[in-house]
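Below is one structure; the comments refer to it alone.
Every chain is named by a letter (A, B, C, D and E) in the order it is written, and numbering of its residues begins at 1.
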Amino acid sequence: MKQPACLIGGFPYNAAMFMKRHGPPGASPATLSPHLVDGKIRKPAIQVIEYDKDSIEERDVTDIAELAGHLDNRKVTWINIDGLGDVEALTLLGEKFNIHPLALEDVLNTGQRPKVENSADYVFIVAQMVYQDKRRTICGEQVSFFLGKNFLITVQEEGDYDVFEPVRERVRAGRGTIRKAKADYLAYALLDSIIDHYYPVLEAIGNVIEDLEDDLLDKPSREMIHTLHEHKRSLSQIRRFVWPLRDVVNALLHDPSGLIASNTKIYLRDCYDHTVQLMDLVESYRELTSGLMELYHSSVGLRTNEVMRVLTVITSIFIPLTFIVGVYGMNFAPADTSGRALPLNMPELYQPHGYIWLMAFMAATAIVQLIIFKKMKWL
Amino acid sequence: MKQPACLIGGFPYNAAMFMKRHGPPGASPATLSPHLVDGKIRKPAIQVIEYDKDSIEERDVTDIAELAGHLDNRKVTWINIDGLGDVEALTLLGEKFNIHPLALEDVLNTGQRPKVENSADYVFIVAQMVYQDKRRTICGEQVSFFLGKNFLITVQEEGDYDVFEPVRERVRAGRGTIRKAKADYLAYALLDSIIDHYYPVLEAIGNVIEDLEDDLLDKPSREMIHTLHEHKRSLSQIRRFVWPLRDVVNALLHDPSGLIASNTKIYLRDCYDHTVQLMDLVESYRELTSGLMELYHSSVGLRTNEVMRVLTVITSIFIPLTFIVGVYGMNFAPADTSGRALPLNMPELYQPHGYIWLMAFMAATAIVQLIIFKKMKWL
Amino acid sequence: MKQPACLIGGFPYNAAMFMKRHGPPGASPATLSPHLVDGKIRKPAIQVIEYDKDSIEERDVTDIAELAGHLDNRKVTWINIDGLGDVEALTLLGEKFNIHPLALEDVLNTGQRPKVENSADYVFIVAQMVYQDKRRTICGEQVSFFLGKNFLITVQEEGDYDVFEPVRERVRAGRGTIRKAKADYLAYALLDSIIDHYYPVLEAIGNVIEDLEDDLLDKPSREMIHTLHEHKRSLSQIRRFVWPLRDVVNALLHDPSGLIASNTKIYLRDCYDHTVQLMDLVESYRELTSGLMELYHSSVGLRTNEVMRVLTVITSIFIPLTFIVGVYGMNFAPADTSGRALPLNMPELYQPHGYIWLMAFMAATAIVQLIIFKKMKWL
Amino acid sequence: MKQPACLIGGFPYNAAMFMKRHGPPGASPATLSPHLVDGKIRKPAIQVIEYDKDSIEERDVTDIAELAGHLDNRKVTWINIDGLGDVEALTLLGEKFNIHPLALEDVLNTGQRPKVENSADYVFIVAQMVYQDKRRTICGEQVSFFLGKNFLITVQEEGDYDVFEPVRERVRAGRGTIRKAKADYLAYALLDSIIDHYYPVLEAIGNVIEDLEDDLLDKPSREMIHTLHEHKRSLSQIRRFVWPLRDVVNALLHDPSGLIASNTKIYLRDCYDHTVQLMDLVESYRELTSGLMELYHSSVGLRTNEVMRVLTVITSIFIPLTFIVGVYGMNFAPADTSGRALPLNMPELYQPHGYIWLMAFMAATAIVQLIIFKKMKWL
Amino acid sequence: MKQPACLIGGFPYNAAMFMKRHGPPGASPATLSPHLVDGKIRKPAIQVIEYDKDSIEERDVTDIAELAGHLDNRKVTWINIDGLGDVEALTLLGEKFNIHPLALEDVLNTGQRPKVENSADYVFIVAQMVYQDKRRTICGEQVSFFLGKNFLITVQEEGDYDVFEPVRERVRAGRGTIRKAKADYLAYALLDSIIDHYYPVLEAIGNVIEDLEDDLLDKPSREMIHTLHEHKRSLSQIRRFVWPLRDVVNALLHDPSGLIASNTKIYLRDCYDHTVQLMDLVESYRELTSGLMELYHSSVGLRTNEVMRVLTVITSIFIPLTFIVGVYGMNFAPADTSGRALPLNMPELYQPHGYIWLMAFMAATAIVQLIIFKKMKWL
């Protein structure tokens, strides 16, 4: 089973997502190499849905070559490829649909920045999807679109979670405008689904952060800081995905190719608003994490200060007193070795009320100190 | 009773305001779902005011369908809907006024960024209002405007506070230009009222912050930092509302639809100045909170330093003295167990002035140390 | 006597300057309300100067109505109004000179951002002046200009300090180009005077900051941090005044109204350079205050570290020694209660050179520790 | 052997790279001075490759003069010069290919910002290459390109690592488009190779940083901070190389000279995406290092706090107890020197259960303190 | 002897450089006042060089009036004025060359931002030069250029260091293009010389900073922080000089006046690259100083932590032991004053192996603590 790049949870770090796959330096451009899952090449799952207003046909295809004669100009053909293991199949697909090898390279080298590229025959879109897997780890996955006049090819990394399923259901059900519209609306619907999937992930991060906020002032711990740091990184990563995604939607809004109908653009504008809202949300959480970091520092600083004050007060009171009692613990003898009296050697010890006077003096000292500390607001 | 999103005061946090409502990922766009108040759908209150220079008519409507035939071209019709509980009513309204379903979706999914959208028949404006409720909690509420040629539809969340009342009074009283002007001036007046409501909220935040300033240097506490943090968050949130609000006013100023008269634009320019001033104010307070945070850190750092100095001075003076008196508390015997004299064992104890010399030596040590600490500016 | 908003020195804070006066939310726009000084309305002082190359006439006017017929097209008429207490006078003035009520509202609602507004008949300029009063408090005051073809109306808050006096002197003396030029040159001369007044204020702030710099490393105190913080705020405020002032001058430089002669624009360009220079100066000081804050933190951190080192060294040396002498202060008896010898109970006490050996051992311990601390660079 | 400027690893610092070579102030422009390696001038290695679709010819040239008549218009001529020691050779080259002296000066004064300059006969490109040498030190090297119609001159600093070798191999093998294309594609291929070489360097930095992350919370040390600081500097430096490199590629993409074929521009766009991705990666790591720095501060702050708490708890418990036992270690005598009883002098010492009561009292004191500390969450 | 404004080294601070000279607020514009050196007006040194390709003539002039008839159209006339003490001379110069009084004012009011101003007859350039004087203090000096068709007037502050000397030498020697070119090339050569002089200054700062880097981790001191702070300020100041200098060169590159030949612009582009490189260098060093500040904080924080750990370990081990030996130093009597045995009073003291058992117990306690501290990684 494939393990997609996870943002939180340790190993494949966020920065790594961007550089995950690149060929050896100086290699020929557009050199395609298959994705290995646990070191093995796996056949991708290919699904074809053809539909128009009235009919819909779904089938699974095992060989790209089968697709060849099937494109019906009056229908929308959606080819979804799940998995990046079969380079030959992709090359074949590229030849059939006249896709530039550099675009195919971008499909395989996952970790691309979201982008739009216009070509004579198609619009090439790369997006990054984010979702939480079953263990609530935040995972990312690259999705590539080739949007043509009456077809849409989508290529996903092979994941155990399929963000396209709700859209597929809508196509099947034939509700709304989706079946009446062209491939461009389908592309919009899928992009919108990808964007919508950012919300629950951000909500989850938001919940964790807000839980932290209460605990931070109460009892700051190393674990909290670590969690905060991890979530900050996740937010950075999501930010790095959403910023260019906004540009992608904007580029589609101003698409000059004519592949995107003006009616679809109204929906894309809505989509654009969502990406702006996502950015707002991400920035808001980032600001919040910074604020919490600061709160944490303040909290620790103040705690250290409090601890120090207690230490200082106790030490300041008892160290002098201990010295005083030490004085009267000295063994200066009342007489020298030959028995002659030494009346100046600690005569206090032989006073009738020496002990009581001393105790009173020490109590007074302590009380005066307490008053001073009180005045200095150290207590 | 509905409880709108509150900025300060804990529960529905500011970031949350933006994401409050969004459908399940992958759902069909423009899917409308009603706002629930305490889990129940509530009928919205619909009020219609029709007026021109000479006459004014106010009535409450329970059914949107009633509105149908009532639009009088020579008068301004202001339809105010209070509450988002009735999806069917909104759909009906949308059909009647030819409103795009995506706009209606934005009305229902509160927490939108303020924005302007132009359509053939109307200008759609979303704004975020901020006010303090009775318990002085800062609350936010989305207000949507549909400004047409001779009508204005406003949709508010159902709140116990109505920011439109002063404008309604002005319409009733017929003072100023409001009754002579068209729907665009009414929209301006309402927007202006929304913007004006930011001032007292900011003033309240400002007062709290300035009260904090005095206390921070005096006696910094964890509560202050928490308050500061909370207000910083509120300011962030307000900032996130005002920035796009400025863009909204600016977009209206350069509105190409012809719905906004050039005379109204003079007033909108004044409005624009107010949003710029608000931004200035927000940035000013944000800078101030950062400055206070820094002041706090400085204050705590200096306090810790002072506490440490006291601790160190007292310890440095008394620990050596305690050691010395400890020495003369040792029981080295003047004679061994068989009674032979051990003249090298602490002969000081048997000197006639041993005790006095020792006391003098210790006093001298302490005084020298005090002088050194004085020179090092630790006292 | 009026007390204008002061930047430093406590009470009416800088942010407050911007919000000082705004009507109740939702109020009709252009509602004018008089400035109260100590709760009373005071008549403004109105001064009229009419001059051309050859002649000059100065008079004080008590009633705006008097002004009516006096405008001489061949001369420059400068009407200076000192004080904002008389709303009716201003309204009359507005009617006479065809001034928009919103502009009058901006005149009365002091604390506006500096700005330029073009109108058919005049250019409306708002600027913020800064000066030090007799007690060296930094004060701010709004100055409004209405520049027409052959007149200039200036409205100041009623202050005990008049920045226009030097210009008035120049007009009287008839030196330079001022008497030969039109009202636009007069406006330039007054603006230039306002801008020039920022320099001594910044110089005063700069002197305080540089004095602080020397003291900060020497003996940081809470007062210094507070002063630094106060000046940082003043700089923020001044910055908020100068930035838009620069835009004001720039807007005048590119004024399309034709009211500003190209010859005057050469002088305005000089003025523009001054605002840029002011900004440089303000940014420079802001950077300096931040640097000082950092210096302060470093200084306190290092001081705490030094104090700690002294504490640790003294404690580390004397605490173990105190323990050792404590050991030989124990009263383990050489014989049990029945008088039987207990030879294992502290036999050291009965050695002939026990005391001397112990003292030597303790001295050695202390010396070794000193050497270790020296090596660790703690001393 | 030449030692190129190393980013990490101490001596020739990153800032130094930029200023490495500049003439004495006021010197005549375009004054060329040779690079010295260990104080000696070394002859550069010159290699010429001429190729077209069908043939390829490689030869080493010792004298630039030899090159003169060899330029074949139908073939691509790639002249690679390794080493900057021979000013005369460069001057000769400059004369032959009509290169401006200022461009030659930039070739020799390594440490230039990456840039593109258009000239009538050629496009002059400066790029900065980064690689890790055998000791895993990150090294930088300037590479200059002169791209003409059918020739490409590349000048490298004399390094023991040649980033061009993979491209040379591709040219020799004749795979892909490289042999079919013109000099512009060759220039692209070399630039691409330079850009590709940034990835493994960043990967290496990334690995070190991520290793640090685990250790930082566990046991922060001075070495870690130093490593972090070093890598931050390297990232700064790489950033300073990649930003303008992006502009270089962008400038080539919009090259007006006609030297770059539109087909090559497709590949350059891919190249451009890589530079953007590199920037993302660099920014990502920079953010990460800042985050780690903050984590480190938090970790140290918390550790200090914990240490302080332990110190305070132990001190607070034992110092008062030590005082108490000190009291009963005082030698107040039960009788004065003449033997008269002093019944008020420490009568506790003569109580039958005095010792036991005292021990119980001290145990109780300690237990109460432990409970208090537990409640204050100091334990 | 004049003492120019010094950046480092205390007295006339960098911010001061910008405000050094400005007239009293409200003064007439273009009021010229002479520079006083030690309170006295000094005559400036005026040097005239006239040259063309074939000839060169140098002479010193004492009176500006002498210059009047000397301008030869076929030659380049370079008038260099050293010192700002003679207002009349400058006024005369201004009249002769038709220079605007505001430009002359800028010449006298040193501390201007570098700028270019176009006039009908000349281009007016202000630049700020930086150099190190004999005591290695960094000094700044304003240089003003008036570039006309066949003349160049340069005005410097009167300094003991002349940055123009190398250029003068080149003119005399007649090497390179300088004698063949017009006044524009001379202006370029002088500007280039000014820009070149920034490099050694930055190099000097860089060396100091890099020396600091090694010491900071080793043994941070207050002096280092102060030096760092000083250099940060110098860098700020230099940055404030170089940024507008870049704009100056850029403005000259796009000069519309026709005074600058296209051939000279190639050299100016080189000049522009140098200013960009300078900016890179300055930013690089600024980043480095910030990094060092952070390093310093980390270092101090960690040191404090280490010191605390040692203190805590030693205290935790010895304070309890001291308490224990204190217990057995108590004088609870084995019998009451009447001689009756009190068997519960410290019977341990009368055990045969009491002392040894106690010593063993204390050793065990200490060892256990050491193990615990080892486990907590405090040792």
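FYI, a contact is a pair of C-beta atoms (placed from the backbone, for glycine too) under 8 Å apart; a residue touches a chain by one contact, two chains touch by 3 or more.
Worth saying up front: this structure is predicted, and the values here are computed from it rather than measured.
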item	value
Other chains in touch with both chain C and chain E	none
Minimal step count in the chain contact network, chain B to chain E	2
Superposition of chain A upon chain E: rotation angle, C-alpha, nearest 5 degrees	145
Computed distance of Cα centres, chain C from chain A, in Å	41
Distance from chain E to chain D - Cα centre to Cα centre, in angstrom	25
Overlap residues in chain E, where contacts from two or more other chains coincide	297, 301, 304, 308, 311, 315, 319, 322, 326, 329-331, 346
Chain order, ring traversed from chain B with chain C following	B, C, E, D, A
Residues of chain A that touch chain D when the two form their complex	13-16, 18-19, 22-29, 100, 102, 105-106, 112-113, 115, 117, 219-222, 225-226, 229, 232-233, 236-237, 240, 293, 296-297, 300-301, 303-304, 307-308, 310-311, 314-315, 318-319, 321-322, 325-326, 328-331, 334, 341, 343, 346, 349-356, 358-359
Touching residues on chain E, where the partner in the complex is chain D	163-167, 170, 175-176, 178, 192-193, 196-197, 199-200, 202-203, 206, 210, 217, 266-267, 269-270, 273, 276-277, 280-281, 284-285, 287-288, 291, 294-295, 297-299, 301-302, 304-305, 308-309, 311-312, 315-316, 319-320, 322-323, 326-327, 329-333, 335-337, 342, 344-346, 377-378
